[in-house]
Amino acid sequence: MISVGVVGLGYWGPNLVRNFHTSARTELAWLCDHDPERLEAIGRQHPGVRRSTNLEELLGDARLDAVAIATPVASHHRLAKAALLARKHVLVEKPLTASVAEEAELVALAETVERVLLVDHIFLYTPSVGKMAELVSTGEVGDLLFFDSVRINLGVFQHDVSVLWDLAPHDLSIIDYLIGREPESVMAVGASRTVDGLEDVVYLHLDYGNGLLASLHLNWLSPVKVRHFLAGGSYRSILYNDLDASERLKVYDRGVDVSTDPAGLRDVLISYRMGDVIAPRLDATEPLFRLVEHFVDCIERQTAPISGGEQGLRIVRVLAAAQKSLSRGSERVRL
Amino acid sequence: MISVGVVGLGYWGPNLVRNFHTSARTELAWLCDHDPERLEAIGRQHPGVRRSTNLEELLGDARLDAVAIATPVASHHRLAKAALLARKHVLVEKPLTASVAEEAELVALAETVERVLLVDHIFLYTPSVGKMAELVSTGEVGDLLFFDSVRINLGVFQHDVSVLWDLAPHDLSIIDYLIGREPESVMAVGASRTVDGLEDVVYLHLDYGNGLLASLHLNWLSPVKVRHFLAGGSYRSILYNDLDASERLKVYDRGVDVSTDPAGLRDVLISYRMGDVIAPRLDATEPLFRLVEHFVDCIERQTAPISGGEQGLRIVRVLAAAQKSLSRGSERVRL
Amino acid sequence: MISVGVVGLGYWGPNLVRNFHTSARTELAWLCDHDPERLEAIGRQHPGVRRSTNLEELLGDARLDAVAIATPVASHHRLAKAALLARKHVLVEKPLTASVAEEAELVALAETVERVLLVDHIFLYTPSVGKMAELVSTGEVGDLLFFDSVRINLGVFQHDVSVLWDLAPHDLSIIDYLIGREPESVMAVGASRTVDGLEDVVYLHLDYGNGLLASLHLNWLSPVKVRHFLAGGSYRSILYNDLDASERLKVYDRGVDVSTDPAGLRDVLISYRMGDVIAPRLDATEPLFRLVEHFVDCIERQTAPISGGEQGLRIVRVLAAAQKSLSRGSERVRL
Amino acid sequence: MISVGVVGLGYWGPNLVRNFHTSARTELAWLCDHDPERLEAIGRQHPGVRRSTNLEELLGDARLDAVAIATPVASHHRLAKAALLARKHVLVEKPLTASVAEEAELVALAETVERVLLVDHIFLYTPSVGKMAELVSTGEVGDLLFFDSVRINLGVFQHDVSVLWDLAPHDLSIIDYLIGREPESVMAVGASRTVDGLEDVVYLHLDYGNGLLASLHLNWLSPVKVRHFLAGGSYRSILYNDLDASERLKVYDRGVDVSTDPAGLRDVLISYRMGDVIAPRLDATEPLFRLVEHFVDCIERQTAPISGGEQGLRIVRVLAAAQKSLSRGSERVRL
């Protein structure tokens, strides 16, 4: 039984509380928020759980194994560092930090103290992404040709991060998980139509080498909500539409076949394959529950999480490069 | 009654034939194709219409007022030039030519000989785009915040043009029609996954100044067909989904309102408006029929077409700049 | 502040608990379930609330104003009767009972003891149905021409009621609310494909007089989930699709106009109006929260609820007539 | 080469003309319409084809093998009878006639003169219905549990037939083709909201025995167009949505499993299977072209068509029974 404290009880924290409370493998031991009213409101529903407005109090509890941090981004580094130094396992909301240096420091620290550092890249724990990874790794998709993601909706604006830092980590973590490598270069185009200096529309183009491009459209000004993640393959292609509750994933047995002209002429012959479309049955487990189970597994078996600090670091590196591209008039930035 | 000859009877030509045949204001006088079998096949259905494999024969007919050219792009300049020199009014398929210089020459020539030069930017004649233009010009949309278009599907590959030259003219003509000005700069990202050197995936970013960006995703490798044109406005936003036959246009009375803090502090206050969504009733006239009527109007009244040579020239200039950006590693190219 | 006890903590009870806990106008005073473990599980989250496995204990609490009953249908009559006799206000899950006589008894009893008897016809408290009622009552819909509802999905089977008794109350309460009268006759067609004697597919036809028909398709065997409620009007028509989270209600400004031939001949002239489609902005309040507020309003102001015992009685009468029709080979049954 | 004449050049006739013209196995020999202007309009496009306003002239042409009749329903019997007596093969629009006696006479006559009598139940020639038939006949669907069809839209009103006679033949022919037997009894519920005595809303319930029900909702007053044909099976279920151009057919590997309690108690155990959803690739051939090919096959090989006079007779029998049910207050009518 892993003993856990949840730090930050705002928007996402209560979901962590609920899952640590529900799991048979974790004990919800502490609740922590700097706002006493918030602490009281959530705490009332969990009478047996200790409360504090001060992280130090949790870290001083020798029986506490792990902390889950769901505070604003700016505080992630300080809180996670303190927790690791106190030799607690750490789960942090995405993005881990807003700085490559800080992120690298945390990754190194986690290694030194031999504690699990897991970033809440929640999409990796959805049955949809799990199925996509299976289709890619077994070769059913063939060679990957392109990724394209549209993640747009009206608000909610964050006051401290742009649409890039808020939404891109989702897609970047999915792609990182599917192909397991960093892009070679990054370019970003953006606009700030609402608050000066804080992008609310961003297009991010990533070059993963060998012709594999990924493009993300992130937008807080769109009147219509879209969640389309498209993975084009030479053999099959996948559409992941998170808003289609009945058919979230569609696998298209379609593609383009190219052959050289048998007569030896220079013309290429192009033909199309139009096969079935399959919406595979997906498990209905809540992603956050699966993440909690995975966190416990990693702690108990001393294994690396699929969304560990290294992945978090790779993603923050991409975000920082994208920000640099934005500030330099969409120049291409190499990693 | 305007006497018209149709040149090029391949994929699109027969649609022109049908509409010039149907319209009470035009007389289908000539059919022309270099392939005698094709000419015979289409000609049989129009027994009273003269046929030729040679454009010169048509141009020599003093009673012929106009020619409509639906041949491959590479021949547009030569054929249109010959027709204008013969003082015929000219309708040409998009894109007018593949070269800015050639296009400029045709525009100047049309002016000199005082003949109508109309480019078949067919989308401008759809009820959907007509309604969008009305919503923009009457101020119902407010300030335009961004354009985003997704025009993706599996094939059909053209052997002589890339996805950029094939699909982008549609969106570029719509935007040009809505705002009536050229972009200040262009950037393009692309890949050639099927035929070397011929892009099948292209992202095009256009900066129209004052923060107004337009982004196009053009793709021949997508297993799923999408036609989403989104115009974000400060007051209302429009989604034009050409595949939704029952609700092609949706007007969202939604937006973000920003105000300065009344207390004079530097925080901005952001609020969201979530109003009705309206799918306006649209006329059901065939766009090509409306284009034919407009062509006749312009000839009879000696007025400039909404998709005249100048617009064609602006669009070819953008395409050429985008091609340059592609060849220079996605560098920003100023116009 | 109205003091409330919730009886029955199975599937729906916890939602009542949560809302009575949240509302500033109610005090959650008691939790009751015959299963001590269930009582403990829910009770732990509400430490200050008294618990009992016995309704009598609640009814003996003079400070308790009301009880909310969310137990299986078979127990509704007994529990509600006891509560009313103890002069408590009562909220009961739908259907109120499975018998017209029992239902009539409760309605009369509530009147005698001057207590509110509210049936949880939850759909009446959705913003969608509220908007529909407004469109009907203000005359925007014109004369009602027909109702058609499709409420189909795969399971969940109830072991004690058929698909008729489980799903039809939703549509019947909506129609009752919109037009405020009972049908003149009822016919039902059904099949039991899974459990002998318990219908899993039912079609219910209701004749409301003056040509107004309502038809319901209720089905637990459909692989696809559909929630389409269509109200056809002479002037406008409404589609209520509960599964379309972004556009639940669509108002079609479309219809058929019939006029007599001006020449006095007997031919009728039929024309179609095809106007805009509007998806009105809907409030986002949780329906159950609105129901709780309404329950409190009725208690405090001594007014009749929109889903009171009389409505419950009308609906059980229709259900009983439909059951009779099913048992007599789909004979028409008059009410 | 089969020589064919097309009789009736109104709404559907020109489609027959085009397909008989296109097919390499038929020769379009005659065009016939009582309206000389209509005859001239269509005839001009087919200069080599003989024209007449009089069917007798066609029937007197000894080299003419077949006639295709696309006139109003009331004339079908007279024209088809004359053609068969002249020993021509006959293709007739649906419904064959409006009377069982007339229909039976034609079927007997076709047998006597040994000529093909094919009714244009066009849906049987769609790739979608072909695929459904394959799934049913190979056992992939398992036992059929129910059919449900929704075929609703706004207009177009026919002046001589009700929505029952206009739309029901489509679904009835599909079901007849899938299961190859007649219903045991029929019940219909309907309303005439526009033209007195001509139903514009009809619900038709068919009992095919062994618990297999089929229900059709036919409606000319619906603001929204729906084409949902659902075939529920014990093993798999099929949704045929003719308006979803990209995924017309969906096969759901879902169902309900019922087992008896292993302990021998009387409780049944119900479980759900939730498997993949497959949209099979469908051929893109035009249904009418396939029908024409099938007509020629039947003539050349002297085989019975899949939509022959016998099927037409079965369907008219059902329609007549449904009409009787409507006129008797929705009484059940046995066949």
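A few notes on this one:
Letters A, B, C and D name the chains as they come in the text, with residue numbers starting at 1 for each one.
Methods note: contacts are C-beta pairs under 8 Å (C-beta built on N, C-alpha and C of every residue); 3 or more make two chains touch, one makes a residue touch a chain.
Computed from a prediction, not measured in an experiment: that's the story for all the values here.
Just to note, of B-D and A-B, the chains joined by more C-beta pairs in contact are A-B. Each chain's centre was taken as the mean of its CA atoms, and the one lying most distant from chain D is A. Interface repeat of A-C: among A-D, B-D or C-D, the matching pair is B-D, sharing over half of the residue-numbered contact pairs. Chain B and chain C have Cα centroids separated by 52 Å. Chain geometry summary: the mean Cα position of chain A and that of chain B are 39 Å apart.
Annotation for chain D: residues 224, 274 touch two or more other chains. Partner chain A is touched in their complex by these residues of chain C: 44-47, 224-225, 246. On the chain C side of its complex with chain D, the touching residues are 145-146, 148, 150, 152, 154-155, 157, 187, 189, 191-195, 201, 203, 205, 211, 213, 215, 217, 219-224, 226, 228, 230, 232, 237, 239, 250, 252, 254-256, 258, 268, 270, 272, 274, 329-330, 332.
Across the complex, chain C is touched by residues 247, 253, 274-281 of chain B.
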